[in-house]
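Here's a structure for you.
Labels A, B, C, D, E and F are assigned to the chains in the order they are written; within every chain, residues are numbered from 1.
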Amino acid sequence: MIVCVAVVGQQNNPLYIQSFTNGDDTLKFHYIVHCSLDVIDEKVSNPKKLGVSLNETFLGLLYPTEDYKVFGYLSNTKIKFILVTTDQDLRDADVRNIFRRFHAAYVDAASNPFHVPGKRITSPAFAERVSSIVKSFGAAPVP
Amino acid sequence: MPPNSRPGDAVFASVDRVNAELFTLTYGAIVRQLLTDFEEVDEVNKQLDTMGYNIGIRLIDDFLAKANITRCSDFRETAETIVKVGFKMFLGVTGTVANWNTDNTECSLILDDNPLVDFVELPETCQGLYYCNILCGVIRGALEMVSMRTEVKFVKDVLRGDDVFEIRLKLLEQVPEEYPYKDDE
Amino acid sequence: MDQYPEELRTPPMPLVALVGMPELHSAISLSLHTEQLPLNTLAIPDISKISIIGGKEKKPVDARMPPPVGILKADWLAKHRTRSPAVLAVLLSCEQVYGDPAQWLQVCSNIDMIKGVIRGRNIKLVLAVVQPSVVGEMNEDRLTALRKRAEIDAKNCLTFITHDPGELKRSLLRLGNVMGELASMYYRDEGRRVKLRIEKRAYSSTELSVRYNFKVAVYAEFRRDWVTALKFYETAYSLLQEVITAHMDLQPVQRIVELKAVAEQLHFKISTLLLHSGKESEAVKWFRQHIVWYKRLVGPPEGAFLHWAWVCKQFQVFAELLDNSLATASPVTAGTPSPGPPVTDRELQPGYYLQIAASYMVLRRRCFESAFATFEAFEEEGAVDVLAGPREEIGPPLYVGQAPRLLKRGSTVDLQSPTEAEFMRHVIAVEKNFAHTNAAIDLLTRAHEHFKKIQAFRMIYQLGSEMGREYFNAREYEKAKRLFDSVAEMYRKESWVSILGATLGYLRECARQLGLLQEYIEYALELASLPIPATFGPDGQHTVISGPEVGPAGPLGQFQREQVHREVIGLLQGATSVLPAREGETGMAVTAEQPVALEIDLVSPLRICLSAYVAFHEQIVKPGVKTTLTLSLLTHLPLSLRLLELEVHFSQPQCSFILRSSGYAVPENRLSNGQGEPSESIPIRNDDDLELQPSKWKRFTVDILPEQSGKLECLAVVARVGPVATIRCQVEGPATQNGIFLWMYEPGLDTSPVKDSSLAYFGQKILQVEEAEPLVHVELSASGPALVGETFPVRILVTSKGHPVIGGELDVYLGAPNPAPAATPRSTSPVASSTGPGSAEILRAGAERDSKPYLKFVGPLQVPPLDPDEEWTTTVYVRWSEPKAVNLMVLLGYQTKENLISDLAGSPSPRLRVQKSLCLLSEESLDISYQYVAPFRRDSLLAGGLASEQTKPTIALPLDEASIFVVTVKNSSSLKVNLHSIDVVERDVEVCSVRKAGTRGDIGSVRLSPDEVFTQLFHVRPLVASSAVDIGAIEISWSREQTVGNANSSPDIPVGISQGFADPITRHFNLSPVLVESPPLTVTFDCPPYAFLGLPFMCSMNIQNTTTSLQEVSFSVFDTQSFIFSGAHSDTLSILPKSTYALSYKLVPIAAGMQQLPQVRFTSTRYNAGFQPSSLSTQLFIYPSSHGVDPQKMKQPALGNPGIPLVS
Amino acid sequence: MLQAPGGAVGSSTRMRCMYMFNRQGVCLHYHVWLRPVSVLSRQEDQKLMFGLLFSLKLFTAKMDPVGGSKGQLGAAQLQGQGCSFHSFQTNTYKLSFMETPTGLKIVLVTDSKMSDLREALKYIYSNIYVEYVVKNPLYTPDTPFKCELFNQNLDNYVKTLS
Amino acid sequence: MAREVAESCIDSINLELVHTYATRLHPTKPELAARRIEAIGFQVGLQLAERYTKERPRFGDHLEAIKFICKDFWAEVFKKQIDNLKTNHRGVFVLQDNRFRWLTRFSLDAPTSGNGTSSSEANQANSARASQAAGQYLYFPCGLIRGALTNFGVPCAVSAEVSALPACSFIVRIKG
Amino acid sequence: MASIYNLFVINKSGGLIFYKDYGSTGRLDTNDSLRLASLWHSMHAISIQLSPTPGCTGMEVLEADTFDLHCFQSLTGTKLFVASEPGAPGITALLKTIYELYADYVLKNPFYEVEMPIRCELFEYNLLQAIRREKYSVGGR
């Protein structure tokens, strides 16, 4: 299940970061997401070495931590989308699909005239959409 | 509906159309810029209304021509036309007219959707903003060109949590045509 | 990893043994070691020591044996690598073999003994007969006999030739091959044997099959058969898992420890092998599963820390393995297709594992701390750690992963192994001395190194904060603070507020612990100002950031920000104090003794706490003109902030001012205490509202009155938060404002500091104050052209038009005539060096008491202070020594006000300058010429003059004769000039006397209009003959004609200064020296003053010889048509010394009017020089008739009367 | 001298001229193809024309033999109220007239034989005036204009009229 | 099927946008007005860039981004592609549109010739006025382009030139 | 059967000298008819002034939304005009006939004063006949 989703801006500043656990461990995810930016940089800077198909938005598994897997997606406008999941093995296709919906949600949020590009996303609608996406992925609060 | 005026969707089908995104976003950007320029919401509402007015006085001709309307002297029928033909022809949406007052000088134009507000979420800082206020201006301007002085304002706004957009339309007077040159004749 | 024993770390090497002929051992073992598959050699000096060969009799296993008390024998590996060889080589010298039977028997018995030893261990045997020399024949049947004895086939019995290096080499090689083969054969057999058992499953417990598989694997390794080895290790590994799952019931700690130790060993082997064969990702996947599987095996809580220690070790070791293999292997490629989730790049980074290891190290510490606490609680008195007992009582563990044995307890393992309690006591005792923090930090540092290599800087900073946390836990606050500081910097840059917040929490705490008040406040302010409230989705539950990492600040959120805010503001206001770091101490506080003055420059992270923008409403103003300034303050503190005062500082201090909250009463001691109070002079404006609302612009609009020209920049504002707490904040122009970082990512429309949109774009924090217009009028006036020699007055009029003139200095100097030098006045020094020296000079009227009426002008004139519309005038004089046009330049420098304040400020109020120039022409007033004239009709022969005729004509005068000296003065100027006197001053009266001719002595004052000429005659009588007589000089005194307001002088000469012209100018004109000589001959011409037409008359020439010698003079007369005469036309006559000869003619005029008499030319033969009277003196007027003319007159001879002024 | 630029060039010889008035009687546009005679100054002419239109409307509105009760002659009317007219003809010319609800009056003067021009006027209004004048960003509504595009398109169009 | 509106809406809003800022709000400060209008275009550009590239792989380089503008982006917004793209290979691109949709209705007063002025010079005067007038209406599209490119990580400055109505070209200068 | 609504006769100075209503709804009272007449008179004059080409004699046909108006002007300046149903044919001819009747029965009437309102049964009678003859329906009687 997805425990954390994040949108990170062009300046690598967090635009939106939301964790879906009940535990008081939110900061942990900030660290994880933030570090995953390194991996994204690496992947983008030398795509072939890491066997990413050139310029594909979906970056695949960035890295696993002890308890999580971190997936990445980089839009054409250098917006990064990051998923933290607990699942051991996920089908790329599924994750890709999640990201696509996720991106779509972002694009609409970004189209809100009152959303200034590059700023944190506070749109409730967006949050709503995101959590529904997450839920649809079978996210259930950890007991 | 006035005689021999074409039905709204026919007109809409006939006019040049563009993807609404550009329009929606442009309008949004303008509103935001105005908000940054004049920090007061009321001032922005005013500005939007003025802009609408200026648009209206031009747009009316486009409308009459495309919708093939040769005369509109009856207020009731005019209101209908706005909602059924006007909104449809320009915004691709139709609404309804409701809440006529007894002497048929006031009514509500009701839209449950309009392309201006796609993607829009009002930040709490902008309470009191009538996001679509430009529409009021347009209607006012257009009607003035067909010699109806009106007062147009939003009373319901989905963005503010209402169920529909409701524009209150009030006819102040119908200006009769008179000979401008007093000197001779 | 290096804590592993050698035999585990390195791949095993076959072991062989040598016996006999020790002298050869070293050579042989060396060569064996260098075999392509090297062999370790166990060298046994002689047969008697053969027993050291380890290993026990192999007895067949049977199922009835009880399950072993351990899984892997602790020493088994070591034994096989060091003590039980695979092959034994016996070296015999040939004479032993071929020598006398006695020795031969010895050999045989040895062989039997050896066979005894190796039997049952099926160690392979090799015989080598050493032939040290060529001599000594081979004896085939002895050799075969030997073989028979040793029961080995021929190829294992070889001869070893040492006498010839080539041979030796070959022999070594042979020996090596044979032993190599045998060795691998041995290990294969051993392997087979064990495998057989496995297949038979002829034993009770899985433990054993683990062991056997392990053994098979090891034997395979001996044979370098990695594949097999790997296979069996893997089986062993999985069997072990069976063992564990078999009895998952609560295990005693020791058991778990053992099992995990075995697992660790097996896994180590596996990963080593995988990595060696370049299968990194395989290895990684194995490791993953390894961890996943064993992480669960925590065991009883009191032993948890052991578990985490173990896990930690797994990671650390794997990291090291990976590191080594990466160091050797070619660059890894991820995503090699293989089952299971792909291996990411990260997982091939040693750093990745080290970091995780570190986290487990931390976990280990935590668990230990709790375990230790409980242990302390229940530990009975005086219990001792038996396992820490003396050496001899403690035996090494029998099996891998078991505890040491307590030997004195008894003989069996069960007795010897410690109880659970003892064991725990022991491990806790050990763990107590373990420096977890250092270990963790060490791991982190190493991880740090690795990530540096791949520039994963975010990871690096995360490691940084982890280290920081470790130090913080270890109460090493300086170190922690240093780390956190650098980390914070990074998160600010990345504007990851949440993490930054946590870091600041730590920093603030460090500052508190270290007693750093200022920093404490700064961290607190920043923390409070962070845009944390909604770093999360809007849904309520998530508005705080929490987790173990948040540290002392506690969960981050609006509430906590507000707490921090109240706390720190209270501190600044002096209301509260920080709670002390340790009990009994007093917490830090802001007091008069310990005031706080914070600095917020343009890059300070505290700008989010307070930032200031200013915009002048104009770009350029004139000094002294009021202009408006908008000052905007912004704070992002969570609660409103009330300022007591707000000082605004400008580059021109006199513009600075203070806004003072009307509520605020300044404490008396403010002045006394020495903190940033430059300015009680600063004007104070009361403003009742100095309260800043969170994230809302506070805008002040104030009037500024700049007085100095130049740029006026608003530098900073100083906000007084508490009586002794100020925040100084540098200001920016609104145009530069593009969101305050961190907050610029916050939603909400960012409004600009100034409301007026155009000001927002074009507003400047710098104001250009123009130079004040010099409102002073300087006027130069002079009258027309000047005359050389006179002191020509120029009037300078300074009029102040509008502003006062203070400390004015007037500089006057001459420049080249127009075009005037464009260069600034300063560049050309006063009193024009530019114009030729002395051609003109500037003078000043001397004071009354001064001897000289005029003084040379030096240095500038001081101008008295002038009030607006006052005027002041002065006059300077110019005197020319030669006609020349010059530019008179006047430079007035002054200030508009007293300079004292600004002098203090170091910036003198600028001097305004006015420059004026006037082109002056000068003319030569008079030009003077003179000539000498001989007396009338009396000519002297002056040889000198003649002699020097061809050379330059020097004027020669007859000695003691009164020659006439004519001085002509012409007015060459364009002005009327009064000529007061013309005199000749003799140089020496004895030498030559000069007398003014004419009756009137002084000419009085003659006025000469331009070009008018005046002539004055003198009689010059030289008294001494000399070649150069200096007669003296002409002295002319003149003055310009007084014209009061005459037309041609353009600016009227003000009456005041006309006196400049009044006094006459005297000019001297030196006469060039003349030649004076006494003439040898003098001719005096004598004739009547006039004659009548037709009437004859006489005229004569008296030739006087002044010499004492006879003079011959020839003469010739030339006719003229006006006269007829008789007498010789030419002749030569001799004149006696000192006598006179008269030569006379009678002439009859035949024409009337002024007629030229016949010319006579004399030539002195002596001096061979001719001369004739000037034609002028030989003219005569002829009356047409005598009628009306008194004939009497004709009688007396008329001498030319000198003294008549000849006016030409 | 009232010959407008590019007027007659190639355009149908049957066209004479065109007037456009706004409701305030301002002549927004005056277009001449062929007008040998014009008695009055341009202003007078235009004013007179507007006057005529206005009176004619009053006339027809009053005259209207079928429309029911009508106010008395010259009573102020709302835009588009009452009976209006669409053309009249004399021996020398025909005048065709149209008025939009916005009070825009378009007058087309042609030779007297010209057929019914109501459609033509509508076309000129919707496809030429609206497109090239109203939608021209440089055009200030309700002011006189002489846009090139308008002229071109108008000329091209009237060529097609018989 | 994406939602549609009448093109008149776009035209009107553009027209009024310029009128509001250039004529009503900042009549005396043309460059301020320009900035505002451009800023509005910029935001829209950013957003459109976001929308239009939702489903496509990332651009490899600047040129790809520019081409995208010329083709897909232009097509989306103006229903046609840029007619001609030139570059000096040193970061300057010229996008030429021979019939820029938003200028098609631009029409000036016909030169009131006939009285002396030769139509040629009148025309010149005209086109001069035209470009001057049209200029204001190009700040917005300039903003659009800059916004989109910026969002693609191509920081640049964009200016426009009107040659002969309704043709115009946009000059993109890539920064750094 | 096209219908005629009314007939106006105006003298050269624009005075209404004859008006007959043939059944227009909401018929005109005298004042109105007088005003309309003079209004027509002046508009007729204006129409001449506005002619783009020379030789204009003024409005002949006016096509209104609900009726056509045909106008005949005699050389003496007398104007006759009728309002008829739109597109009613032959009105011009009718007017001619009416003019002849005017000549015969009005002008030749010794008691008739020129330029003065016409009160003359004969004229009216023949007028009606003529209209009938030309087969125009006249409303009312």
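Simple rule for what comes next: a contact is a pair of C-beta atoms (placed from the backbone, for glycine too) under 8 Å apart; a residue touches a chain by one contact, two chains touch by 3 or more.
What you are looking at is a predicted structure, and each value in this text was computed from that prediction instead of being measured.
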Original post:
Listed by label, which chains are in contact with chain B and with chain D?
Top reply: E
Subject >> Shortest walk length in steps over touching chains, chain A through to chain B >> reply: 1
Subject >> Innermost chain, where centres are averages of C-alpha coordinates >> reply: E
**OP:** Any chance you could check whether B-E or D-E wins on number of contacting C-beta pairs?
**Re:** B-E
Subject >> Chain of greatest Cα-centre distance to chain C >> reply: F
Original post:
Centre to centre, by mean C-alpha position, how many angstrom separate chain D and chain F?
Top reply: 27
Original post:
When the centre of a chain is set as the mean of its C-alpha atoms, what distance in Å lies between chain A and chain C?
Top reply: 44
Subject >> chain A and chain D, separation of their C-alpha mean positions in angstrom >> reply: 66
Original post:
Centre to centre, by mean C-alpha position, how many angstrom separate chain C and chain F?
Top reply: 105
Subject >> Junction residues of chain B - those touching two or more other chains >> reply: 21, 25, 27, 29, 32, 37, 58, 62, 118, 123
**OP:** Mind pulling the residue numbers of chain F that touch at least two other chains?
**Re:** none
Original post:
Could you say which residues in chain A touch two or more other chains, in rising order?
Top reply: 111, 113-114, 122, 124
Subject >> Residue ranges of chain B touching chain E (in the complex, touch as defined) >> reply: 12, 15-23, 25-27, 29-30, 32-33, 37, 47, 50-51, 54-55, 58-59, 62, 89-92, 115, 118
Subject >> Contact set on chain A toward chain E in their complex >> reply: 10, 54-57, 74-79, 100, 103-104, 106-107, 110-111, 113, 117
**OP:** Using the touch rule from the top, collect the residues of chain B that touch chain D in their complex.
**Re:** 57-58, 60-62, 64-66, 68-73, 145-147, 174, 176-181, 184-185
Original post:
In their complex, what parts of chain A are in touch with chain B?
Top reply: 108-109, 111-114, 122-125
Subject >> Contacting residues of chain D [partner chain B, same complex] >> reply: 23-25, 47, 50-51, 54-55, 76-81, 100-104, 122, 125-127, 129-130, 134-135, 141-142
